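These notes open a run of structures that come right after.
Shared between the two complexes below is chain A, which pairs with chain B and chain C, respectively.
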Partner chain A sequence: MLWILQRASAVVLAFCVMVHLGSIIYAVQGGLTAAEILGRTRGNAGWLAFYCVFVLAVSVHAPIGLRTVFIEWLRWRGRSRDVVLLLFSGVLAWTGMRAVLAVFA
Partner chain B sequence: MKRESSYWAAIVHRVSGIALALFLPLHFWALSTALEMDAFLEWTRQPLVKLGEWAIVVALAAHLAGGLRVLALEFLPWHDRQRTLAATAAGLAVAVGLAFALAL
Partner chain C sequence: MKVSVWKGGAEGGFHEFDVPRHPSQTVLDVVTYIQRSLDPTLAYRFACRVGMCGSCAMTVNGVPRWTCRTHVDRVARDDRLRIGPLKNLPVIRDLVTDMREFFDKWARAKGQFKGERTRNDDFHQVKPSSLERLKVEAGIECIGCGVCYSACDVVAWNPDYLGPAALNRAWTLVKDERDRARLERLRAVAGDAGCHSCHTHMSCTERCPKHISPTVSIAGLKREILKTTIQGKF
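Right, the complex of A and B next:
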């Protein structure tokens, strides 16, 4: 189940990251100002939807990836590991959605 | 050699993934609180912060490329192309790193 979730989220993220990298390289040219960024992003429903999907996919993908690292490199087993990872997933989703709303809503 | 390129591709994929997982909460925090303040963006103009930005963009590109490599190995009949896939992944990460450095 986690294996499938990790691959499915990876496919979504592969698309999101390509778009994100492209927009980063486009946006940083000539320097960044808050007004310039928000002028482009505020009220843009398409980008709002895109980044909501991006944040949710990463909230699934990052904890599952860390789980493998915890198991293989730290030998961390048992419930405490999965509780920490679930909390991490929640933190990513919560802070990520807050960021998306601050920038796009 | 074939085994070695796969080994390094896996290590880069893992280390870049850990770096991104650590960076993301800070990134989200900065976006939700600091965008109103140009002082934060001013802070990001320091050379060391720029170097850090560059490193995290390269980590993102490397993790993307490494992930596409894994998906290709698992879902496409390309098991015999380990070295080619590892080299392609490295090339993609370098290309994005260069493009971002030139745009900065």
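Right, the complex of A and C next:
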């Protein structure tokens, strides 16, 4: 199940990262100021939905990958590892959503 | 030719021997010469000498190989050989490793065929041209030499990992139309110890002396498990 979740979130991330990088390059090329960028993102439900999906995919994908790193590098198994990974996932979701809401509201 | 050979158990060292070169000489010929003429205490394992039994695998110049079919000409560097036991397996003595864990993992991967016919039934005919049979055409040629297991990074990092050979065996049975333990086997090969831990480094495929690709077999298992999960049967 974790494997399927990781692969599925990877598919979502492949799309999201492309759009994210594309929009960064566009903003830089066009010379948009921070205020202009905020002007476009504030109240825009499309960007809000896009970045909510992005953050959710990251908070699913990253902890599963880190789990394998813990197993292979640290031989760390059991509940303590899973609790740390859940916390890590929570931190990613919390900080990510804070950023998303900051540019939306 | 200068040949360094591992002597001792896990704690040991390389001993150097001078071995005469011959045309078409194999690495196994070299080891046999050392044992018969230079150091009768040298322990090593071999049986068929023709690449069928899978018992003579060793690490030659850092690479796991079947020694009976490996010509010295192909692997010697500056007329030197360094021969050690297979990696990722406990060393019993010199070039002999303990293969128990390797084969126990075949059993853990449900590597036993489970059919439903008895001796009173007729033979089951498997069409050589059937798609399922073609998918395991290469995989069923495994001789269980342990070269892939020794070459696998994931085995080195995660000792529970079943390894390429056991997973390849499971794959050949999953695709065997006579077998009746498909689901049970897929459950056994899923998860942290199973196919989902493979990083697709492909060292097993690179090193397999029978040119089997356990990586393809492992990818097949992942697909099969995904399909079964989507169908809600897993």
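Everything that follows uses one rule, which is that the second predicted complex is superposed on the first by the 101 of 105 C-alpha atoms of A that agree within 3 Å, B and C clash if a C-alpha of one lies under 4 Å from a C-alpha of the other, contacts with A are read in each partner's own complex, and residues count from 1 in each chain.
FYI, contacts are C-beta pairs under 8 Å (C-beta built on N, C-alpha and C of every residue); 3 or more make two chains touch, one makes a residue touch a chain.
These figures come from a predicted structure and were not determined experimentally.
For the composite obtained by overlaying on chain A, chain B and chain C can both be accommodated side by side without a clash.
Of the two partner chains placed by the overlay, only chain B lies in contact with A:I37; chain C stays clear of it.
Between the C-alpha centres of chain B and chain C, as viewed from that of chain A after superposition on chain A, lies an angle of 60 degrees, to the nearest 10. Using the contact criterion defined above for the overlaid structures, shared-chain residue A:L85 touches neither chain B nor chain C, since it reaches no partner. Look at A:A102: by the touch rule set out above, it reaches chain B but stays clear of chain C.
In the superposition on chain A, contact of A:M1 is made with chain C only, not with chain B. Taking chain A as the reference chain, the count of touched residues is higher for B when chain B and chain C are set side by side. In the superposed model, A:I71 makes contact with chain C only, not with chain B.
In the superposed pair of complexes, A:M18 makes contact with chain B only, with no contact to chain C. Minimum C-alpha separation, chain B to chain C, in the superposed model: 5 Å.
Note for the complex: chain A touches chain B at residues 7, 10-11, 13-14, 17-18, 20-21, 24-26, 28-29, 31-34, 37-38, 55, 58, 62, 65-66, 69, 88, 91-92, 95-96, 98-99, 101-103. By the touch criterion stated above, chain B contacts chain A in their complex at residues 14, 17-18, 20-21, 24-25, 27-29, 31-33, 35-38, 41, 44-45, 57, 60-61, 63-64, 67-68, 70-71, 74-75, 96, 99-100, 103-104. Across the complex, chain C meets chain A through its residues 154, 157-158, 190, 192, 196-197, 222, 226, 229.
Across the complex, chain A meets chain C through its residues 1-4, 68, 71-73.
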